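Multiple structures are listed underneath, in structure tokens.
One chain, chain A, appears in both complexes that follow, with chain B as partner in the first and chain C in the second.
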Partner chain A sequence: MNAVLIAIALVTLGAAAVAMTLRNLIHSALLLIASWAGVAAFYLWAGAEFVAFAEVLVYVGAVSMVVLFAVLLTRRSRDDLTVASDSARRAFSGFITGGAVCGVLFGAVIASPMGVMSSPTPTVTVRQIGTQLMGTHAASLLIVGVILTVALLGAIVIASADRKDNSEDTP
Partner chain B sequence: MSPLQLCLLFSSALFCIGLIGALARSNTILVLLGIELMLNAANINFIAFWRFSPSPSPATGVLFVIFSIAVAAAEAAVGLALVIAVYRHQKNIRLQEAARLKG
Partner chain C sequence: MIAAVTTDAFLERAPVLLRDAVTGFLPEPWHTLVNALIAIALILGIFGTLFAFITLAERKILGRVQNRPGPNRAPIPFLNVRFFGLSQPFADGVKALTKEDVVPRDADHVLHYLAPVALLAFSILTFAVIPYGKHLVPVELDAAVLYFFAAGAATELAVFMAGWGSRNKYSLLAAMRALAQLISYELPLLLSWVPVVLIAGTLSTTAIVEAQAGWKFGFIPHWHVFTPWGFAGFVIFMVAALAESNRSPFDTPEAESELIAGHLTEYSGFKYALFFMAEYFGMLALSGMAITLFLGGWRAPLPFLEFIPSYVWFGGKLIVMILGFIWIRATFPRLRIDQLTRFAWKFLVPLTLINLGNAAFWSLTFHWTGPLQIVRWAVGIVLVIGPFVVMGRKLSAGVAPRTYRYA
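Let's look at the complex of A and B:
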């Protein structure tokens, strides 16, 4: 059981780490899709099937497409898909900060006593989730719906082209 | 080592990869992707604690993660729209050069 988890973790972490170091943005986005699929596999391993399919739909399906569109819309020329290499000082300080946070978190996790609890796997059916969403958590569901609507409308307003500015910009 | 600790180590490592990416890269899209990785690491923590600890109601962790994914999707959409807006003004999406508030 642990071997499967370690395999999933290695694939996910490897894909994420390589994606964060590549200079080609398209390759980074594709590797991050692999990483998100690994996270979905972790959810399947943990027994949360509904969350795994939501992760596949939202991240592997939707967010990755939005990212690819953003990469293609913000390149400077047709062949310009690589980004300039970042400054070594910035990379170094980022690495030091991230390494320090990583050390603190690992130390805390390893030092804290978390015994093997023999709790049975909680089983949640989609029917239960639906009942809870519509019953106990109906208010949260409505609020999330409003947040999504407002955020997507805001995204359209921010990203939509301003006609007047465009005609002034183009020579 | 218990499976819960392994899950927590996994999510800590994913969080730190996202943090290093968000701090070290200067491309705005890659910074956003690093933040998405950090959000995913938090969701992994929710699921790990839901799976390995007794909870009063069986669906709590799952519902938490579903709401978290919805908010993360909204954040990604707004963030990438901001990237496109910055690109339209500056013709560039390097973070260091987007230093003006007025377009």
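Let's look at the complex of A and C:
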């Protein structure tokens, strides 16, 4: 079982690492998607079926599209896709920022009380997750929904420009 | 696959008995593995053959619709009998296999190669959770419906890889269109089956088929399509499924009159055939899921027809659905990309949301009896037809009916 976990971890981290080193943005984006798929495989390995499928559906299916769209729409030409490595200063500041984020996350993970696994892994059905989400955690679900809606509306407001309808649309 | 219950008719149990007879020769630990391999081989074999003959049926039916005979020349080998050109798929297969595989010099070779493989792999994955018969479910999952759509959502990624990797402006345009189409139609597709999950109370395909058992008044099956919300959900699901499988009238990613062949432009030989295979597999899988969610799965439509085995009913429904797809392709002209996205966002998404409310009302009024039943049905039907008429008029206001002026 552990061999599977190590293989999944290697694929996930390897894809992410190669994605960072590649100079071609599309290749990086596709490898990032592969990394997300690896995370989904990890959830599957851990027995969290529902989360795994949701991860594939949302990240591999939808967020990937947004990433690719953004890359394609913000580059002027195909040659523009390859990003040259910038100054050492920029690389250094990037390293510092990434290291800080990594440190905060690791600190949070290590500091949180984990509790020793005493009982065997509980089998949680989708129905139980659903009742939990709709019952005890309904408020947090609603808040997440509101935040996402606000973000979406903000994106529309920023992106929309006052344009008249295309003349082709009117008879 | 589940073990057969001995109370069922012989034909119903036949596939499982046959499989057990084959695996019976092997030692016990091998059974699960061999059973899974048999299921995979059967799915690939049956759907591969079905794909071959659907291409022929599609070409022949499209031909008949356009008042021409369609392919009818391929003879049976060595006999030289034509027999309606039934060997056409095999001739096509040999041709695709022996054709030169042309790859553009400046193409992204890895992505160009990987795209058809990924597309086909993801389309085949979706077949795993569909209940083909009472005892014929390849993989039983608690979140089967979610798995199905998760596997299906990754196919457009392959279309993008093909379009971008070809280094061809038509292919790239097609890739962008494919992305826009996916983002637009993923939402109504996913929202249209949520009412089914709401009513059935489960994400498992077997349990959803189980929830559609029985008949009202002895002859109207309890299929979800025969309820107001189910009918609306089914129609929206089919429209979104057409768009997701890049079928006409939503085939803008490969629109051959505008983009040569879109993401298929730089593909030839067997890779081209793989794309078509994946498209038909996607169509078959989505039809199978529509049957499972709305059309009662493998259940017989009438009580006295139950002696016919369940897998025959599933196959029959599947073929009817495919013929419907072909009919739609022969009938409707292709939409423009802006019409397509507007249709999804301004019409289908609000309709699915209203339909979700409709299903919630249906489930809350589950205990209503007598005259209240009529109220329940009336409210349900009004909630389907009302928004459809109002939003349909708003959507076409100022655009349709078009007036054409000819020189």
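Just so we're on the same page, the second predicted complex is superposed on the first by the 128 of 171 C-alpha atoms of A that agree within 3 Å, B and C clash if a C-alpha of one lies under 4 Å from a C-alpha of the other, contacts with A are read in each partner's own complex, and residues count from 1 in each chain.
Rule of thumb we're sticking to: a contact is a pair of C-beta atoms (placed from the backbone, for glycine too) under 8 Å apart; a residue touches a chain by one contact, two chains touch by 3 or more.
Nothing here was measured: the structure is a model prediction, and the numbers come from that model.
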**Q.** Partner chain in contact with A:72 - chain B first, chain C second, else both or neither
**A.** second
Q) Which holds for A:7: it touches chain B only (first), chain C only (second), both, or neither? A) neither
Q. With both structures placed on chain A, which of the two partners, chain B or chain C, ends up touching more residues of chain A?
A. B
**Q.** First (chain B), second (chain C), both or neither touched by A:36
**A.** first
Q: Would you check which partner chain A:54 touches, where first means chain B only, second means chain C only, and both and neither mean what they say?
A: both
Q.
Per the contact definition in the header, classify A:153: touching chain B only (first), chain C only (second), both, or neither.
A. neither
Q: Tell me which partner A:62 touches in the superposition: chain B (first), chain C (second), both or neither.
A: both
(Q) Per the definitions at the top, what is the overlap between the chain A residues touching chain B and those touching chain C? (A) 50, 54, 62, 66, 69
(Q) Quick check: in the complex, which residue numbers of chain C touch chain A? (A) 111, 141-143, 146-147, 149-151, 153-154, 156-157, 160-161, 164, 167, 172, 176, 179-180, 182-183, 186, 190, 201-203, 338, 398-399, 402-403
Q | Interfacial residue positions of chain B with respect to chain A in the complex | A | 1-10, 12-27, 29-30, 32-34, 36-37, 40, 43-44, 47-48, 50-55, 57-59, 61-63, 65-67, 69-78, 80-85, 87-88, 91-94
Q. Quick one: in the complex, what on chain A touches chain B?
A. 1-2, 5-6, 9, 12-13, 16-17, 19-20, 25, 28-29, 32, 35-36, 39, 42-43, 46-48, 50-51, 54-55, 58-59, 62-63, 66-67, 69-71, 73-74, 76, 83-84, 86-87, 90-91, 93-95, 97-99, 101-102, 105-106, 109-110, 114-117, 119, 121-124, 128-129, 132-133, 137, 140, 144, 147-148, 151-152, 154-156, 158-159, 161, 165
**Q.** Interfacial residue positions of chain A with respect to chain C in the complex
**A.** 26, 30, 33, 49-50, 53-54, 56-57, 60-62, 64-66, 68-69, 72, 78, 125-127, 166, 169-171
